[in-house]
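For reference, the structures are reproduced in the following blocks.
Next, two complexes with chain A in common: one pairs it with chain B, the other with chain C.
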Partner chain A sequence: MNFEAVIGLEIHVEMKTKSKMFSSSPNGFSREPNTQVTPFDMAYPGTMPVVNKAAVINAIRVANALHMTIDRLIRFDRKNYFYSDLPKGFQITQQFHPIGREGYLDILDRDGKVKRIGIERIHMEEDTCKQLHFASYSLLDYNRAGVPLIEIVSHPEMRSGTEAMHYVEAIRNIVVYTLTSDGKMEEGSLRCDVNVSLRPFGSDKFGTKVEIKNLNSTKNIESALDYEIARQSAILLSGGQVQQETRRYDEASGKTVLMRVKTDAVDYKYFPEPNITPIRISEEFVRDAIDTCPELYDSKKERYVSLGLSPVDAAIILDNLAMSQYFDKALGDGKYAKTVSNLLIVEVNGYLNKNGLTIEQFPLQPEILYLLAKEQEGGFTHKQVVDMFHYCVENEGAKPEDAINALHIAKQSSDDSLVLSFVTAVLDANPQSIADFKAGKDRAQGFLVGQVMKMAKGKVNPGAVAKVMAEELKKR
Partner chain B sequence: MKEINLDVLKDAAHRLLFDMSDEEYETLLSEFAVLTKQMETIGKIEGLEDYEPMTFPFECETTYLREDEPTTPLSREEALANAGSTLDGEIKLPKVVG
Partner chain C sequence: MNYLDLSIRDIHQALVEKKVTPLELTKEALKRAKENKDNCFEMILEEEALAFASTLTEPEADNLLWGIPYLAKDNFSTKGLPTTASSNILVGYKPLYDATVIAKLKEKKAVLIGKTTLDELAMGGTGTTGHLGITYNPYDPKHERMIGGSSCGSAAAMAAGIVPFALGSDTGDSVRKPASYGGVIGVKPTWGRISRYGLFPFAPSLDHVGYFTRYAEDAAVLLEALSGRDVMDSTSSVKDVDAYVAESEKELVSPRIAVLDDIVESIRDNAIRDAFLDSLKKLEEAGAMINHIRFGHDLLESIYATYIVISCAEATSNDANLDGIKFGPYYEGKTYQEVMSQARTKGFSELIKRRFVIGSFALMRENQDVLFLRAQKNRAKIVERTNQILADNDFIFVPAAPTVAPKLGATSDKLSDEYLIADNHLALGNFAGLPSITMPLGYENGLPFGVNFMGRAFEESKLLSICRTFEKITGICGDYYGKEGK
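The block that comes next holds the complex of A and B.
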């Protein structure tokens, strides 16, 4: 029997606001423990939640990017549970009235076809404190308690690990390019819980679902699901039953491992949060949040491709938000986009990798990269421009013209008559090489071009020389 | 409804780490007796199940959202002042997972 996988995802995204969801405590990553805490975050009596405007704006932008209906009345609810990661004894969330309902995201399926995945809801809530567990004790750091979160819940409409991976990548692009979150799975600012069950093809009933946690990269999502689908298939084919359980992905073995068997669902006794009066947001507020949203990934990609970049090059630049911001500045009037992108992908990335730097630490102003691209398109060779590039990087404030003067770089001529005079002279002086070429030794042509470059002292364009040389060789 | 007796209160106090005197238990018990009686009285009203639970005393809305401006947090000493036990700037507690 053939089975179909039914996959749904819950994604938690930590927002990179300056302050927390309901308190004005600073919100930052990896500071000293328990130093970004206000009395509210520790649930001191009498403290009250006050909703962060930037968090609402972020949620509106993400909801809009996911084509969702946005609720104009912001309401919160309490999720009650007693655990050490939650000092209040409840989490403030949006159980009954999520800010966004029913949207979708278009992704590529395993065969590269566009597939639309429905999104049930997105809502705002607060993160819990960070717990570290040791053999005989646990440690609590409240810096994370109260950090604003967006939870994005898909419909169970994905059918393979690849689709789930593409879905998470697309969500990450949205939260990164709306400047909502840095979207780093490895640092936990984008966390993913996956639900997967199997059913016979053609059935509309759901099988028993298994939840997978501890997925810290998009690649792991694909691998974990591929493994889990095979595991559940094997159980069902041997006549067994899949247990409702929570598993975690073990990266080293590439397998999912049992964490706990699910018993009855916990009753969180949800009720409306009485300490937050419902907040009415105006049409103008919603419109403004959407209109001022930074350009999204897909739109940028389309723009880059329209400027002449290949989709692959556009994706390389867009993989890093700061890189694409640098590229946007280096684009200038967009005339030399392709050359700018080549310099960025090859030369700038090479320099960054070699020196262990990020693009934020790169010393060259993007406007200089634009000028370098302009020089290349204006007749200097790529090699000459690379020399200028290194000069400008190493000499703060230097412009290409400074590099030209300092390195005595001369523009190469593509003037046909000048090139032809050199080519003719070299051919006349090297009859043996012509004979070798005619006898099928292609290397002879390279030798002859090299002789021309030597004779012209590098002042002619090698591309033009090669072209004229080929034509002249045919005539001899 | 669960009966509020001395055992229930002692169990709750124990879970919440409250240390209470016998007198305080007596006071609480008598207060709960009044509350329970009031609930029973309200419970006798007919058609009560037709009413939605109320969260706010008045149906009102606001438009206020806090600007995203951080303020100075507590010092770590202040933040940890009420913790029973600490280690390396973190709150230490008995192991909470199996």
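The block that comes next holds the complex of A and C.
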């Protein structure tokens, strides 16, 4: 390709605070429309904004995770425009003094090398109400009006769809692991607007920028950008000019589609919000917000790997916040981390998938998973532990020892002399099988091992039996 | 003598001694309200007031406002009762909540007997622009003169002696100017002293809850009842509420009073100027130290322009919620733009639209620097100068207005010194958020005029004290038009 892509992202994250950004209204998703509303959310005259402290704490934590400079004076501004989803006729945002400025995020580029992406600003604002449009009318749901948002604006420093995808994944990990947001693109709790332009390699000027909306997964960000870069590249190569416009990604065709051509930018007539006097936050408040911040994704991953997990397994667990929280509890003293992670990834996930449950609904206490791992490392076979696992899941409050008793599970011995005595007895009792084996019937060996397991009532390790059996057969 | 004409403390005494009941007071107030011809009311709450007053049978000895009838400007949110801000865009709007001051007075068991008219959305100083038409000055039964605004209905009702106190709001001088024209006391405390939650905003950085009384002591009673931190208004102050009644009873020792000569000199009405100068002598005799100071002619002249730019800019944003979608009259349209545009075109008067255009213009990207931001810088300069004067003086003391209530339709020369300086200086108190009280001074041909005291932030006790002294000096106490024995 002859061109370099210049990509910048604006990400809006809905915070999952208990109440809204400026009102005491509960902030909950998927409730009956227009039930989570105070007079303020519907812009009744005389109502006034009161800043949500928890939202400020979240914003500080995210800003800190992004290595940003945090403004000690919290200030808000009004963004004025008329729209049916905007109850007050203005949005309260932080135009002039964002809570965080100039930070960065390290991501992997297309070649897997670490690349640092600069972040311009992070600020707090409020969401608009939700609109449902029908043929002859529209409905408005004010439950979403006033939901706290943080907006994170990157510098235009990404160069490929893959980088943009990695950037969004990293941002999502931060907002999810700071417990700021669910970070679900498909549900709109993390929304992403992408700006992309092309320029000849080596140029320091920017080309004409196109905005892409309607990106509801990180994969779509990559695909949309790959397509868009190719589209713009083709235009430029054929001597054409890229139009300044807004496009949306059409998932079915894998293409970006024109939404509207951009005319002059809207003048939002920003000015300071007079109903919120600037709030001075103390060093102690900032420090406390950071110190009490839950462990971040990267730190957890490092910890899991140091405990013996493969990076792939660690990523599987960390893909789900609740799963990692379960895992943290199941880790106990961390001695059996690898075994715990195997049980979690295979057995627990299998059970959840089979029963259509989430980890939050999983009945087994994480401490029991720890004990099961301990049993496996203490000599029980994986299959035995899996049996115990199912017994414990199905019997509330049951511990592995209860499963051992109830299922008559016995630890298998690998003791050579014990194994040998059983093998000798079985061989002595089955001369025909020995003859069959010698005649080339391999199946006979399996039969003999089975006879040993039967005679030993499962108390010996089948691996050890097979090994000794092979040796003894040779001697006969 | 009617109990309704007494000071709140004296009415309270009579209530406690059961010489009169809240129901009797309410009936008398309602009777006066219904007889009044000055167009003071958006709504008289006869049924509600009588029902509530009938429940008040056991006097509360420690609650001065128990059973006292009052009025509220119709830009205070009243739960379940229509609140229009005298604008057609809010006709039929019934708020779901009480403004904090309304809730406080409800808790004190004061009796709300009606909602009063205002200049549409509290924008205006004449009392002529509300959707119910002109509100008249009771002192001119021929209805040739204004009462002033924007708190015109409350001011006129007070001047007509209908209730002992009435709520208003003050963004430029909307309580204190009509108080001067109506011969009553107009109070605007420090910004943040009284919660604004539930007051329909005009320009929040300048808006204040204010009120009218006829006795200086009543002004202290009301401030004590209405002040205090409110979690619903994050700009409300956390400072303790003083015992204003008791504190203001203490006479000040040699208070230092700054007189702004450039304002006094711009007044052409000799009767008003002479009366003012005469009151200075009496204040001196009472022990005050008078300092003649010049504020600065250019700064004073810039008040009006600064006020217009800032207040219109904020107003255009505050009133953007009035779009016909959530409340108020709804008009069908094919698009949301059409729905909003119809509601706003039909709902607002031309004057309001003009203010919105000015405000939008001042906020436009290409104009912000030279208009909005310049006005903010100038406001800061004016505030600095005001506070500088108050660093060496306890009060700033000036005539509240250059004239008695003007005739309706009389046009003032908006570029004259008298208009630019003496007719707009009360906005100093809004720019700086300082406590400011208009006191009646005298009458010219039967029409009242007043003076204004402004003090340091949160020093309302001292301010109320000088006002109580001043009330003794003028001897004007509890007056209203048509009062028995006057």
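The rule is short, and it goes like this: the second predicted complex is superposed on the first by the 423 of 476 C-alpha atoms of A that agree within 3 Å, B and C clash if a C-alpha of one lies under 4 Å from a C-alpha of the other, contacts with A are read in each partner's own complex, and residues count from 1 in each chain.
The rule is simple: a contact is a pair of C-beta atoms (placed from the backbone, for glycine too) under 8 Å apart; a residue touches a chain by one contact, two chains touch by 3 or more.
What you see is a predicted model, and the numbers here were worked out from it, not measured in a lab.
Participant: Which term applies to chain B and chain C once both are placed on chain A by superposition, clash or fit?
Facilitator: clash
Participant: Looking at the overlay, what does A:Val50 touch: chain B (first), chain C (second), both, or neither?
Facilitator: In the superposed model, A:Val50 contacts both chain B and chain C.
Participant: Quick one: is A:Tyr83 in contact with chain B, with chain C, with both, or with neither? Answer first, second, both or neither.
Facilitator: Touch partners of A:Tyr83: chain B and chain C.
Participant: Once chain A of both complexes is superposed, is A:Tyr137 in touch with chain B (first), chain C (second), both, or neither?
Facilitator: first
Participant: In the overlay, answer first, second, both or neither for which of chain B and chain C A:Pro274 touches.
Facilitator: Once the two structures are laid over each other on A, A:Pro274 reaches both partners.
Participant: Using the touch definition from the top, say if A:Met42 reaches chain B (first), chain C (second), both or neither.
Facilitator: In the superposed model, A:Met42 contacts both chain B and chain C.
Participant: Which partner chains sit in contact with A:Ala439 here, chain B, chain C, both or neither? Use first/second/both/neither.
Facilitator: It touches nothing on chain B or chain C.
Participant: Specify the partner with more touching residues on chain A, choosing between chain B and chain C.
Facilitator: Between chain B and chain C, the winner on chain A residue contacts is B.
Participant: Looking at the overlay, what does A:Ala252 touch: chain B (first), chain C (second), both, or neither?
Facilitator: neither
Participant: Give one of first, second, both or neither to describe whether A:Val312 is in contact with chain B, with chain C, with both, or with none.
Facilitator: neither
Participant: In the superposed model, where does chain C crash into chain B, at 345-353, 399-407, 453-461 or 471-479?
Facilitator: 345-353
Participant: Shared contact residues on chain A for chain B and chain C?
Facilitator: Chain A residues touching both partners: 39, 42, 50-51, 83-84, 138, 140, 271, 274, 277.
Participant: Provide the residue numbers of chain B that touch chain A in the complex, in ascending order.
Facilitator: Those in contact with chain A are residues 53, 55-56, 60-71, 73-76, 79-80, 87-97.
Participant: Where on chain A is chain C touching in the complex?
Facilitator: 39, 42-51, 78, 80, 82-84, 87-90, 138, 140, 267, 269-271, 274-277
Participant: Which stretch or stretches of chain C touch chain A in the complex?
Facilitator: Within the complex, chain C contacts chain A at residues 75-77, 83, 85, 90, 93, 95-97, 99, 196-201, 203-205, 231-235, 313-314, 316-317, 319-323, 325-327, 336-337, 339-340, 360, 363-365, 368, 372.
Participant: Quick one: in the complex, what on chain A touches chain B?
Facilitator: Touch residues, chain A against chain B: 17-19, 24-27, 32-39, 42, 50-56, 73, 83-84, 131-142, 271-272, 274, 277-282.
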